[in-house]
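Notes follow the structure.
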Amino acid sequence: MEKRSVGVVMNGVTGRMGYRQHLLRSILAIQEDGGLPAGDDTVIWPEPILVGRNAGKLAEIAARHGLRRWTTDLDEALAAPDAEIYFDAQVTSLREKTIRRAIDAGKHVYTEKPLAETVDKALELARLAREAGIGNGVVHDKIFLPGLRKLRRLIEGGFFGRILSVRGEFGYWVFEGDWQDAQRPSWNYRAEDGGGIILDMLCHWQYVLSYLVGPARSVQCVGATHIPERVDETGTPYPATADDAAYAIFELDDGVIAQVNSSWCVRVFRDELVEFQVDGTEGSAVAGLRRCRVQHRSMTPRPVWNPDVPATEDFRAGWAEVPDNAEFGNAFRTQWEHFLRHVVAPGDPAAPFPWDFLSGAKGVQLAESGLRSWREGRRVEIDELTL
Amino acid sequence: MEKRSVGVVMNGVTGRMGYRQHLLRSILAIQEDGGLPAGDDTVIWPEPILVGRNAGKLAEIAARHGLRRWTTDLDEALAAPDAEIYFDAQVTSLREKTIRRAIDAGKHVYTEKPLAETVDKALELARLAREAGIGNGVVHDKIFLPGLRKLRRLIEGGFFGRILSVRGEFGYWVFEGDWQDAQRPSWNYRAEDGGGIILDMLCHWQYVLSYLVGPARSVQCVGATHIPERVDETGTPYPATADDAAYAIFELDDGVIAQVNSSWCVRVFRDELVEFQVDGTEGSAVAGLRRCRVQHRSMTPRPVWNPDVPATEDFRAGWAEVPDNAEFGNAFRTQWEHFLRHVVAPGDPAAPFPWDFLSGAKGVQLAESGLRSWREGRRVEIDELTL
Amino acid sequence: MEKRSVGVVMNGVTGRMGYRQHLLRSILAIQEDGGLPAGDDTVIWPEPILVGRNAGKLAEIAARHGLRRWTTDLDEALAAPDAEIYFDAQVTSLREKTIRRAIDAGKHVYTEKPLAETVDKALELARLAREAGIGNGVVHDKIFLPGLRKLRRLIEGGFFGRILSVRGEFGYWVFEGDWQDAQRPSWNYRAEDGGGIILDMLCHWQYVLSYLVGPARSVQCVGATHIPERVDETGTPYPATADDAAYAIFELDDGVIAQVNSSWCVRVFRDELVEFQVDGTEGSAVAGLRRCRVQHRSMTPRPVWNPDVPATEDFRAGWAEVPDNAEFGNAFRTQWEHFLRHVVAPGDPAAPFPWDFLSGAKGVQLAESGLRSWREGRRVEIDELTL
Amino acid sequence: MEKRSVGVVMNGVTGRMGYRQHLLRSILAIQEDGGLPAGDDTVIWPEPILVGRNAGKLAEIAARHGLRRWTTDLDEALAAPDAEIYFDAQVTSLREKTIRRAIDAGKHVYTEKPLAETVDKALELARLAREAGIGNGVVHDKIFLPGLRKLRRLIEGGFFGRILSVRGEFGYWVFEGDWQDAQRPSWNYRAEDGGGIILDMLCHWQYVLSYLVGPARSVQCVGATHIPERVDETGTPYPATADDAAYAIFELDDGVIAQVNSSWCVRVFRDELVEFQVDGTEGSAVAGLRRCRVQHRSMTPRPVWNPDVPATEDFRAGWAEVPDNAEFGNAFRTQWEHFLRHVVAPGDPAAPFPWDFLSGAKGVQLAESGLRSWREGRRVEIDELTL
């Protein structure tokens, strides 16, 4: 067994997601399991090189996990002889410029979403990556969640018959920051800093819908800034200039409609923070992050509209849980494993990697189209994006 | 106590709603309770005069309930000396012409919704009614449902703080008619017969939103005919030409957004067949036909997005049931009682009656605007309707 | 509406099933509901004429239900001018001879099963009935039970994909009569009196399997007399000469296997006294008298054979209840209604009646084949029976 | 205490059962507990010598558990000076030849079932073993399962009175391999590779029935290949040539009937993957892998067949759980302990060992008879097998 070490420059791991999901639950977890088997006689060993702006925080993280390599100088990190991969988890506004530098340095690039602030910039990065011949990828974590994988398995098994519609509800109450601390960073609520829920979430819905049914061909979206003033991390009030809720209707192929609400101003009366309901001629399913429940045509009740009496029927009891029947690993780690195999053994048929910069650009395109739809009060068609 | 008898010409009570809700649960139920007290010394006694096209069915209903008066001749019924009110529960396409005859005959008119097939015709009827000086009303049953009345009570009590948004889900699975009988009449699925869920339900959403928060100022609506072929009452397949699902976004005053889905092609993973969620700065509520649950700002949890572990938090358990604290009568009967008092004692301050033809015309206007929005793929503004 | 009275000679209604299911729950229940509507303007009114050997019991039943007509003289009953139908619920050994008399008298004949003690006699009755041109039918009550009707609905809806197998368990513990009274008559346990569970139950399984999947093409059956001595109604011990348990394997078309156990010597560890499990490529169902539960392919767990630890998986929890979605009347009454319509308006397309003497003969054929299989220790082929 | 080391040549421990149950849960578990006490002052210490065809897998297993001794050369292993026992967990087709070599080498032999592919070969091995004077045994794991041991305890305690019948249901849904991976190896479904559920399971039912009531004297068996095409470990479709379900009726002494179904094409509506119901005059029991529940004559309900109303009686609630009252070790390990004591101290009265090659040959005989019964469509008598 050959141990194949791969240096991974990780930029932005002082943030919650970068630290917790990418460093801890992905890269270090792979190390703990003895590396990642790739083909018959290779074990990929990812070696993190931390980069950030705050030396103190970097030093603390490195110390906590016994890591030697960290720096505040990106060029130094990229110049390391074993650095093969650049990973970006910075705030959106810094991403494009930094990724260009990594491409210029000949590194494979893997990045958090959104790939860029505009579809033009995202496409430009995709073209640069192609010309440089580097491996490139964008985080598509939602489709690696157990709930959505079971939903996908149902689709592949033909459970739904013809799919008619998708309903999605995402959101929870983000505290305003005055009374209880906000649980999201304040830049999320400032348009000038790349904030806004449309830009954040429509990137996700693009690949989730594509994965489940097919890509959105048009979008109608209404945004809102329900809470116009919030309080930031320092306790200072600030005007919220970005949208904090988005109500969207997508048209897919074959008449399928997807209606998805995203909101940071909604209290949760659901089983999970995000839930999708898919209805088809033969059956329906409701899937969240982890769970997935189905009601087949055979179990479908015949409700009678009778407002005279309290509903005695327990409608939810008529749905059955879909068993896991498999071990689902951490969603972020699973995609990391795909990317590592993709760049180390790009031809490996067991390691397809469709989640590249072009796919990331499509996410930005949908978000951009949603914003335009809101501005112009009309349906916006989504053209097929190519390089 | 003076017994004040009022002849009510009831046209179309052989249909399920007309028979069950209007004749049985409203008019005959009032009789069983000894009439309807109005003011200090009057008891209103509604006396039904059944009208319809099928003599056999009319005779059977009359016999079953010991009623003497029925006829297939509308003019004969309207000519009865004690006939003061004309009630219409026919199919939509016959309504306008018949109501004109009743207005010409000087009767007060109460009717099922939609008032007419177009907003112009509905406004015309409203103008005729005003000129004739007759009492006029349209069924607005949903706002008399216990769930919505408790929701309204919360609003009046200031529970929500500033209201931000309304979400509505209405629908259930209507069987296609091949495998199990359909539980709705086939004309509902034929555009040429006045069918379609947009025309049916947006009339309701107009007055429900007005009642709860305020009127819709614009609408974006996408309809769909998810099931293109159904089987009718005789077992014959027919093409479904009308929309069977509607995905709508309404903008109300002060930036409030209402997103409401209506569908006959969805399986129910809810507590009730229709549910509205209202979110406000100070609290949220979820109300159905009967139940209403709230989560106050003080009880709002702080969910953390953690896809690694199964959700252990029972989000629904963090909502509290709103007690009835009152007896809510049948929704249809309650509005009948308002109408009877309104026409017998029009000045009674205890019997306001805002649900007149003009209000009914607004329902038709919203449905019409929804259909246009769907056709044109854009937001349609709703102008304030006046006579 | 024309009231069409039909005299029904009922022979053997002093027994439990004849009295309770046929007289009370069927004929008298139809009277209580105002007769049976047949076509647009006829109401069938069945008029019972009780016949039996015990005048005292007959008089008591007649008095209890306000019936005037009863006799111990069958000929007298058959000679009544309005007697159109003869119904037989006697012990099996008396049936053939009596039915011949009714056929000779030109009556329509409806009878409990088994139609006769041998297939030859049963076929002979079927031929006589055909020649006489009378309506003829045999009780097939099991297929009118809610559980089996829902199972049939699932099959019609394509739920199972390709059906692979059927498992049936019927039975309960019939007390031996010494310690607690037996809950079945003693003749059931005497071969010389037409007893035996093979003769009793295989008649049922013939039409149940035909109804669900298709007719049995071969049978392998092992009978047993597990309890060789019992105590009769008078407290006297007697040797049990008939089989009290039957273990059978049927081969149907297309490789479907049906394995059905019937026993009066088994204690019940099930939800209902009879249960069928049907397994197919796309899903499985377990149906009893009333309930029906399904597990679709999508909900199928992946059990791992691990004897080391207690089973923590609740396998039954992975099945979903099939809702009724309809009102199922009493099984016996439903078939009576079919028969009454069949003989009064034989051409009525809404009243097909496939459960005739020929079908009854097939039941006897299967029972006879089962007995031969047991005797000869081999598979017995079932030839298609024709008149 | 004398530590008596015994070399155990383990052939085929790279397979799931061989590795998990025999190496880990039996041999290594005995080591972890400090060896196996045998008599007053001896502790048997089994010392595994791994043999297999895949050097990589063997090395990996050895490394994982700190074992030094492994080889791909069987002769080398058998030649080890301390090798006293040969254990075989290879695929069936290789077994006979290899066991002959071990007998020739003078080793005691313990083997997985089936002992051989035909009863003649199995008997031949039994005769060779007797002539060689070696200890010999076949895995009979099911009778060491807690559920069956409690069932046996009930029988020994006289709980059942006279036993009348045994019903067995074994099986679960084995995925076809297209949509979800199959959880059993593909050779199980190929007759040419020794697959088939009759050969697999009837070996078990032979000793289970003997253990509980007594040996089967005849068998009637119908097999089926319900799923004719499956997908193998590499994702390639292949025709299933072996039986995947078996419906069998066994006649035991004294008129006892055992009816046992085995299937890989059935969804589980039971508490455990295998369950046996035993009915006797004095009581009944239902036992699975772990649990055992009883209903004594005194608790037997008197069910009434009343299809008119939903069953309100909870029949399962009328059964009582049999307490463990003992610690039941792993079934495989328990039999290993018997075998180790048997060969080290053959005369030990505390270590009887009836599960020898002759017993294993009886299992093959029953499987062979079941296959013949299926082929010939008749009952096959089981002659008492002797050496």
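So that you can tell them apart, the chains are marked A, B, C and D in the order they are listed, and the count of residues begins at 1 in each.
Basically, a contact is a pair of C-beta atoms (placed from the backbone, for glycine too) under 8 Å apart; a residue touches a chain by one contact, two chains touch by 3 or more.
What you see is a predicted model, and the numbers here were worked out from it, not measured in a lab.
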Task: Touching both chain B and chain C (chains) - done: A
Open item on the list: Relative to chain B, which chain's C-alpha centre is the most remote?
Closed with: D
Open item on the list: On a C-alpha centroid basis, what's the spacing between chain B and chain D, in Å?
Closed with: 67
TODO: Mind checking the centre-to-centre distance between chain C and chain D? Centres are C-alpha means, answer in whole Å.
DONE: 41
TODO: Between chain A and chain D, tell me the centre distance in angstrom, where each centre is the average of that chain's C-alpha atoms.
DONE: 49
Open item on the list: Just the number, please: Cα centre separation of chain A and chain C in whole Å.
Closed with: 60
Open item on the list: Residues touching two or more other chains, restricted to chain C: which are they?
Closed with: 157, 283, 295, 297, 300-302, 319, 325-326
- [ ] Work through the pairs of chains, note which ones touch, and then classify the graph as line, ring, star, complete or other.
- [x] other
- [ ] Let me know each pair of chains that touch one another.
- [x] A-B, A-C, A-D, B-C, C-D
Open item on the list: So in the complex, the part of chain D that touches chain C is made up of which residues?
Closed with: 25, 141, 145, 164-165, 167, 169, 172-173, 175, 179-180, 183, 218, 220, 222, 224-227, 245, 247, 249, 251, 255, 257, 259, 261, 263, 265-273, 277, 279, 281, 283-284, 286, 288-291, 293, 295, 297, 300-305, 307-308, 310-311, 315-316, 319, 330-331, 377-379
- [ ] Would you mind writing out the residues of chain D in touch with chain A in their complex?
- [x] 179-180
Task: chain C - residues contacting chain A, complex - done: 154, 157, 159, 283, 294-302, 318-323, 325-326
Open item on the list: For a test of understanding, state which residues of chain C touch chain B in their complex under the given definition.
Closed with: 153, 156-157, 325-326
